[in-house]
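Look for subunit A in each of the two complexes below; its partner is subunit B in the first and subunit C in the second.
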Partner chain A sequence: MDVVIWSRIQFAMTAAYHWLFVPLTLGLALAMAVMETLYVVKKDPFWKKAAQFWIKLFAINFAVGIATGIILEFEFGTNWSNYSWMVGDMFGAPLAIEGILAFFMEATFFAVMFFGWNKVSPKFHLASTWLTGIGATISAYWILVANGWMQNPVGTTFNPDTVRSEMASAAAFWEVISNPVAVSKFCHAVTSGWVTGGIFVVGVSAWYLLKNRHVEFARRSLLIGAIVGLVGSGTVMLSGDSSGVHAAEFQPMKLAAAEGLVDGGNGAAFTIVPGIKVPHMLSLLATHDWNGFVPGINDILKGYTDNNGNVVPSVAEKMAMGRRALDALAVYRETEDPMVKAMAEAVLDDNVQYMGYGHLSAPEDVVPPVGVVFWSFRFMIGLGMLIALVLLLALIAVWKDKLGSWKWLLWASIICIPLAYICGQCGWMVAEVGRQPWTIQGLLPVNVAISSLSTGAVKTTFFVFLAVFALFLVIEIRIMLGAIRKGPEVEPKDA
Partner chain B sequence: MSYEFLQNYWWCLIALLGGLLVALMFVQGANLHLGNRVLSDIQKRMILNSTGRKWELTFTTLVTFGGAFFASFPLFYSTSFGGAYWVWVLLLITFVFQAVAYEFQNKKENLLGVKSFRVALMCNGFLAPFLVGTAVGTFFTGSDFTVNKVAITDPSAPVISTWGNAWHGLEALGQYHAVLLGCTLVLLTAILGALYVLNNVSDDDINAQMRRTIKLSIIPFLVFFLGWTVILLCRDGYAVSADGTVFMEHYKYLHNLLAMPAVLVMLLAGVVLVLYSIWIGAFTKSRKGIWFAMPGTVLVVMAVFFLAGFNNTAYYPSCTDLQSSLTIRNSSSSYFTLQVMSCVSLLIPFVVAYIAYAWHQMDRKKITAEEITAEEHKY
Partner chain C sequence: MPKPTGIFSFFASLYRDGFRNMTWGKPLVWLIILKLIILFAILRVFFFKPAMRGLSEEQKSEAVGNALLQNHNTDTLNLLTD
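Coming up: the complex of A and B.
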């Protein structure tokens, strides 16, 4: 395997580990902030103890999220050097803004939240708890603006003098931050974190109920967890729907792969699992039109006409144009003759929108690994629905006072905790594997985005990071389980 | 505002972030005392909890420094990070261990035991300033890389910035001038750490140890710092002509210092502040040295960045291919990106203000042994 593959594996591994910790940060932050608000508003010390318990678990999880996050940021430079130069003008800004606006907020108020119980006023402490969660959410927004731009690169033009994609105008920045792909990604990812946080609280509480420990604490926490999780589930579904529409519009190949759609057409059916199809459903979901045209993998390879009547060239044609653009760029950079330079620039202008395709070696390169994307998509949706159902039943159980008798539901809640993590990982596999071979959709394929490193160097760091993260994960789980086993420090009558 | 103005403005911000990063590395310096044999376990935990409230600020400043460099000078990000690979990876690994060490070390389920995590914090305490210092040292010695933008049109070797040797950055350890700056930074952060603990922790034994650290550090710090500075002012530097051509100039950095009196004043003011803080930390009863040392450090580091980048100087020079050297002009983001980023930078004072407010609220009471034994929310 070569350096491109190893760089991808390393980045994927870092991102996957990071996403093991982020969703809980986002979701638990909301749950514990709600509990602390109840404490401050109702002046009920019970809620203080409850919030303190969940904050303790939050802190254990938070540290590893930070550790994996810093590696991710710097890997853009260390392993994706060309990428950093060629799109740094677009991608760097949201990353820097994330640091300035979000990370300092998280870091500052986390310290107040964690150490400040006896140092600052209850209101300032409450504000700090909220600001820690808000900081994490703002952080998610900016990094997803950056990621959304990679999926749908808006507001940029290629500058042959600097050889990079640059911000087209100061106003183009607005296009970047209001990129519809970024907005729906943000809603989808953050509220999926609420689901994870919600089911985590519900599952842990369910365990206490099964053990008949801290019953009152568990009941009340479970209610809050179920509400947070259900609100999350609803928003996840809505934003998932718009993510589908965006994929159809901006990344039709990703959608075709997710559906395993080899040959598309009008009124395309949605495949639930191979063999079971719902007629017209895919067209309806992807285009919000019963008979909308959804291109399949072969349509994209051979070229097609989209729903707006635009002719999309075949991949082979795009590759030829891309190659022309690259050749013109080489001439433009190296010639001294102003006439030749002007001609090269004209050729470049005509073909630049497909320049990324010029780096591909065969049309089939644009097809991502269909099996992985297809099945991740199904696991994501299936598990997401299952978790939503369990959360709903948990809410009903609280309402009907059935928590004591529905033991199976308590067990199901516990089992759903790991399932929520698998669900989140599957979601990112759809998003990131589904856009292969592109680092930046249509502009920059992975094989030109890399750094000039030996395969051995990247392999070495991969295994080092893998070992370190695996170690941290094991330790974190052990500490987390230890803290859960020890339980909250609420009054003995609750025990 | 002109493109040149915005490029210079962002170089100033990078310098400021660099200065804040070094000043905040008092966390690293203080953590070196986790291995101090004179201090008891409780005393070590007092230090640990004192830096434990601040480490995320240092860490976040590092992340933001990286992010801001990426956004404003992306060619540096792509060239240095992808090229001096091992240096940055090593630095990151020490920070990754730091990030979990606070939360994990006193938990009984942590597998590795408290000692391992303390050793990790001490490794970070030494290596972070050393590697950052050595890396900044290469701003003056030059590195082994080439930048060739046409490479992108060649499918067989498309990478624009390539490093010239397989050491990927570790070769800087063989450049004594860069290493001198690394050593200087280790000693400086050790002093900053001692001054910070002196201010933040209320314990006679600890305070005595901190004053001792400062006293022991004075001579080596001055030797390394003055040695580095003298060599810097005497060495040839990487100058840029009006058309962007890079050439070697005798006494370039001395010329820069003389050509920019404001930088000279900053440098001297910073040095005076740091020396004053060392004086009152080592030889008086004052605990306020850190309040002079940190601004002093920021001023000195900013002056160093200005010497490296302003007055037509290549701040990240290539000794392999002079014309590949990075300058403020040839490595920056586009005009529009710098405009947008400059608007965002107007929020920085607001960020600094809430950090200062929160810090003030949290530190009104100094850390005591009672707090560490009684308080349940601690590391």
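Coming up: the complex of A and C.
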């Protein structure tokens, strides 16, 4: 394996590790804030104890997850320096806002939430709990603005003098932050966090019910967890639909790979698993039109006409335009003649959206690993639907007072906790493996984004990370399980 | 509305008293400190040196421009034929 593959594996491992902590932070924040709201509104001390317990688990997750995202930024500078330089102007603002906002909001309100139970009024404490969660959510937005731009680079222009994608105006900044891909990614990622948080609360509560401990606490927590999880499931489906439409519009190869669609067409069928298809469903999901055209891998390679009548060039044509862009960049940098420079700049402007294609060796280079994307997509949807079903049944069980007799549901709820993590990781695999070979869609392939590094150096840091991450993960799980085993400090009648 | 100094002293006492009275949270604080040391004092210093550290802005532009064109055989005629 070469340095590009090792660097990608390292980045994937770091991002996947970071995403172990983020969804639970987002989801538990909502669940515990709802419980504390019930305490303040109903003045029922039971909900205070319940909120305190879930805040404790939130704090453990938060403490171990803290700064795991920083490692990604280390890797940008070391492994992906060309990419890092090209996006520096565009990423600077969102990541700076994220850093400042996350630091101040979380450091301030987390401290009040964690230490301030007896120091501030209940309402002030409640506001701090909500603001901790809102701070984490806003922080996620800025990260996903950066990620969304890599999938759909809007609002920037390539400056051949600085070799950077730059935002020229406030309008450009607005275009970047309102990028439809970023918005749908944000909604999808955050609400998937609500599902993770919801099933975590339901699963932990189910464990207490199976052990016949803290029964009233578990029953009431389970109800809140199921509601949070179901709200998340509903909104994650809606935002998933929006993500599908955006993939069809901006990254059709990703959608074709996720569907294993070799030859597209009108009224395309959705493949549930190989051999089982739902007629017209893919067209409906991707274009919101029963007979809409969905391009397959071959259509994208050869070129096609989209649903708006626009002719999309073949990959070979895009490669030719990409090479013209690179020729123009080379001439622009070499020449001292103002007229030649102006001409080169004009050619570059005309072709820059395909500049990345100029680095490709063959049209087939734009096809991502279809098997990985196809199956990740199915695991994501399948596990997501399974978890939604378990959450719904949990709600019904509380309503019909069947929690004591439906032991299988309690076990299923516990099993769904790791499945929620697998589901989230599969979602990111679809998003990130599905856009290969691009670091920035159409502009920069991964083999050009990489720094000049030795494979040995990347392998060394990969295994160092693996060891450190594994150690911290084991510690977190041990502390988390210890806190769960100890249980909440509820009234004696509930113990 | 409290004066700024009041806010700062409030948060200072919040953290001070909070850490002092911690029970189960103490291992977490040590965990965070240990992690930050590993991240910033070991990994950042010895393993993750920025590839373009020490270069000026112009030199960085030059380096990335060269990387973009590294494997590209410039065809000036291609540029002129349009």
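Here, the second predicted complex is superposed on the first by the 494 of 495 C-alpha atoms of A that agree within 3 Å, B and C clash if a C-alpha of one lies under 4 Å from a C-alpha of the other, contacts with A are read in each partner's own complex, and residues count from 1 in each chain.
Throughout what follows, contacts are C-beta pairs under 8 Å (C-beta built on N, C-alpha and C of every residue); 3 or more make two chains touch, one makes a residue touch a chain.
All values reported here derive from a predicted model rather than from experimental measurement.
K.L.:
After lining both complexes up on subunit A, report clash or fit for subunit B versus subunit C.
P.N.:
Here subunit B and subunit C cannot both sit on subunit A without a clash.
K.L.:
Between subunit B and subunit C, point out the one touching more subunit A residues.
P.N.:
B
K.L.:
Which partner does A:241 reach: the first (subunit B), the second (subunit C), both, or neither?
P.N.:
A:241: touches no partner chain.
K.L.:
Which partner does A:330 contact after superposing on A: first (subunit B), second (subunit C), both, neither?
P.N.:
Both partners, subunit B and subunit C.
K.L.:
Touching A:124, do we find subunit B (first), subunit C (second), both, or neither?
P.N.:
first
K.L.:
What is the contact status of A:289 with respect to subunit B (first) and subunit C (second): first, second, both, or neither?
P.N.:
neither
K.L.:
Where does A:175 make contact in the superposed view: on subunit B (first), on subunit C (second), on both, or on neither?
P.N.:
The answer is neither, since A:175 touches no partner chain.
K.L.:
Contacts for A:345 in the overlay, against subunit B (first) and subunit C (second): which applies, first, second, both or neither?
P.N.:
neither
K.L.:
In the overlaid three-chain picture, which partner chain does A:454 touch, first (subunit B) or second (subunit C), both, or neither?
P.N.:
first
K.L.:
Report for A:60: first if it touches subunit B alone, second if subunit C alone, otherwise both or neither.
P.N.:
So A:60 meets both subunit B and subunit C here.
K.L.:
Considering only the listed stretches 4-12, 22-30, 58-66 or 76-84 of subunit B, which one runs into subunit C in the superposition?
P.N.:
It is 76-84; the other listed stretches have no clashes.
K.L.:
Which residues form the common part of the subunit A surface touched by subunit B and by subunit C?
P.N.:
59-60, 63-64, 66-67, 70-71, 74, 77-79, 81-82, 85-86, 108, 111-112, 114-116, 119, 162-164, 326-327, 329-330, 333, 359, 448, 451-453, 461, 464, 468, 472, 475, 479
K.L.:
Can you list the residues on subunit B that touch subunit A in the complex?
P.N.:
Per the stated touch rule, the residues are 49, 52-54, 56-57, 59-60, 62-64, 66-68, 70-72, 74-75, 77-83, 85-86, 88-89, 92-93, 95-97, 99-100, 102-104, 107-112, 149-150, 152-155, 157-163, 166, 168, 333-334, 336-337, 339-341, 344-345, 347-348, 351, 354-355, 358-359, 361-362, 364-365, 375, 377-378.
K.L.:
If we count contacts the way the header does, which residues on subunit C are in touch with subunit A in the complex?
P.N.:
11, 14-15, 17-18, 24-25, 27-29, 31-32, 35-36, 38-39, 43-44, 47-52, 57, 60-61, 63-65, 67-72, 74-76, 78-79, 82
K.L.:
Show me the residue ranges of subunit A that touch subunit C in the complex, using the header's touch definition.
P.N.:
56, 59-60, 63-64, 66-67, 70-71, 74-75, 77-79, 81-82, 85-86, 108, 111-112, 114-116, 119, 160-164, 323-324, 326-331, 333, 343-344, 347, 358-359, 448, 451-453, 460-461, 464-465, 468, 472, 475, 479, 483
K.L.:
Tell me, which parts of subunit A touch subunit B in their complex?
P.N.:
52, 59-60, 62-64, 66-71, 73-74, 76-86, 88-93, 95-101, 103-112, 114-120, 124, 128, 159, 162-164, 166-170, 172-173, 326-327, 329-330, 333-334, 359, 361, 447-448, 450-454, 457, 461, 464, 468, 471-472, 474-476, 478-479, 481-482
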